[in-house]
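Multiple structures are listed underneath, in structure tokens.
Across the two complexes that follow, chain A remains constant while its partner is chain B and subsequently chain C.
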Partner chain A sequence: MDIGTLLQISGSALGAQKRRLEVVAENLAGAEVTHTADGGPYRRKDVVFKTFHDHLNDARGERAPDLVKAEVALDPRPLPLVHDPGHPDADADGNVRMPNVNVTEEMMNMISASRSYEANVKAVGAAKQMARAALRIGE
Partner chain B sequence: MDIKSIPPQMLVPKPIGEPVGTPLADLSNVGSTGDVGTSFADALKGAVEDANAKSVEAEHQVQRLVVGEGSVHQAMIAMQDASVAMEMVLAVRNKALEAYHEIMRMPV
Partner chain C sequence: MPSGLTGTETYQLLARALDLRARAQERIADNLANQDTPGYKARRLDFQDALRGALGQEGTLRPAATRPGHFGATGSDAIRHVKGTEEVVRDGGGPDGNTVAPEEEMARMAENSVMFDAAAQIIGAKYRSLKYVIREGR
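Entry: the complex of A and B
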């Protein structure tokens, strides 16, 4: 009865979706930021999901499950130029570079992240139910 | 998350099946050496230790959560893992007690 592996897989996916939601929150918070510590406007971040193996499982000689992690990457899309002469960060022509964050897109990513998180929670619940059902064989 | 930080030897299934699976001939020396009995005790002890390690781990995860290091799902998963391991031990214990009572009820 090794539900530990199942929990490990779902746990890694939960961590990855949580990271994704953090990135969405950062993007929403930075949607109007024209001035960052590096200078220039905020640049949208995105997550790339990658699989990795836990070396502990390799050492145990078991089939190592694919665990999931989220890596953060910058969105290369161009920063839009908005005409706003009253803005303190406006250039000589009155144009301001705004962040390349699309709030609608971030809302969609947020829903996607929370639904994926729920799906993985369901998988944890199913693993637990299976273990309990197995223990009920003896009753 | 540290279901991973449990030492690997704790996670390797204890050889519960081994003594049970040995030929019946071995049962002839049950009374003298208590070989089969010791193995069951060892298996039960191993399962209890495993369940204990998991509940210690769950406690550790909850502490991490409280001090703001861990995450909710890690703590919950560690707790569920511990709870299932404990249920496994309880199932084995109940079965063993049931067998004992069955023998006690035997008319002499």
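Entry: the complex of A and C
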């Protein structure tokens, strides 16, 4: 019974899903930002999940657990041009470059991330319960 | 008890079941962790038939080991060597090629931890009755 491995797997997923939620929060916060520190409008960030293996586990001589990590990338989709002559960042034609954030998409992403997070919390709970059951043997 | 107090087939079977359930749980945790990883293929550990097979092997004829070279003679060996097979789910994925079905994994996880609990309880009960006998029924 290796509760450490189980917690390592679910822990990596909890971290990755949390990162995804952070990115959703950043995107929602930046949804209307036309002026970032780097200049230009905010560009949406996207999270890509990747499987990786911790080499510590190779020593066991068994298949290493599939840990997961979240990598953040910039969304390459074009920044929409919106006609708003009153906007301080509007160009000579009255057009403004807006961030490529779609609020509906972010909300869906948020729900999906919190469901995945919950599933992994349940997995941690199951691992704990199994360890407890094993420890009760011989009581 | 024929082969030592805890060397019987039942103990071996329960101990093996605990180990394999723990391994199956690792695969379930893998799948749940990677439910959003593009292209990830779900895996599951299949061992019930192998365990049953090993048990059947022992339930029938057990040849006596009269020489060191004889194999398959010690009763619990077949059980102890059951590893199970890892099955990779390749079909039925979404557009990103991920084949993890989270609700299926949750159901499997519930079943697996209940079965782990059951094996742990039975093994615990066996030890308790052993203790009872050692204490001369007190």
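Please note the rule applied: the second predicted complex is superposed on the first by the 135 of 139 C-alpha atoms of A that agree within 3 Å, B and C clash if a C-alpha of one lies under 4 Å from a C-alpha of the other, contacts with A are read in each partner's own complex, and residues count from 1 in each chain.
Just so it is clear, contacts are C-beta pairs under 8 Å (C-beta built on N, C-alpha and C of every residue); 3 or more make two chains touch, one makes a residue touch a chain.
As the structure is a computational prediction, the values presented were derived from the model and not from experiment.
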| item | value |
| --- | --- |
| Overlay on chain A: chain C relative to chain B, clash or fit | fit |
| Touch count on chain A, higher of chain B and chain C | C |
| Contacts of A:Val68 with chain B and chain C, given as first, second, both or neither | second |
| Which superposed partner A:Gly138 touches (first chain B, second chain C, both, neither) | both |
| Which superposed partner A:Ala126 touches (first chain B, second chain C, both, neither) | second |
| Contacts of A:Val24 with chain B and chain C, given as first, second, both or neither | neither |
| For chain A as apex, the angle formed with chain B and chain C - C-alpha centres, to the nearest 10 degrees | 40 |
| Touched partner set for A:Val96, first chain B, second chain C, both or neither | neither |
| Chain B versus chain C as contact partner of A:Ser116, first or second or both or neither | second |
| Touching partner for A:Leu79 - first (chain B), second (chain C), both, neither | neither |
| Which of chain B and chain C A:Ile9 touches, first, second, both or neither | second |
| Chain B versus chain C as contact partner of A:Asp54, first or second or both or neither | first |
| Lowest inter-chain C-alpha distance for chain C and chain B in the superposed arrangement, angstrom | 5 |
| Residues of chain A at both interfaces, chain B in one complex, chain C in the other | 1-2, 10, 12, 138 |
| For the chain C and chain A complex, residues of the former touching the latter | 18-19, 21-22, 25-26, 28-30, 32-38, 40, 86, 102, 105-106, 109-110, 112-113, 116-117, 120-121, 123-124, 127 |
| Residue ranges of chain A touching chain B (in the complex, touch as defined) | 1-4, 7-8, 10-12, 14-15, 18, 54, 56, 59-60, 121, 124, 128, 131-132, 135, 138 |
| Partner chain C, residues of chain A touching it in the complex | 1-2, 5-6, 9-10, 12-13, 16-17, 20, 48-51, 63, 65-68, 112, 115-116, 119-120, 122-123, 126-127, 129-130, 133-134, 136-139 |
| Partner chain A, residues of chain B touching it in the complex | 1, 3-4, 8, 11-13, 71, 73-74, 76-77, 80-81, 84, 87-88, 91, 94-95 |
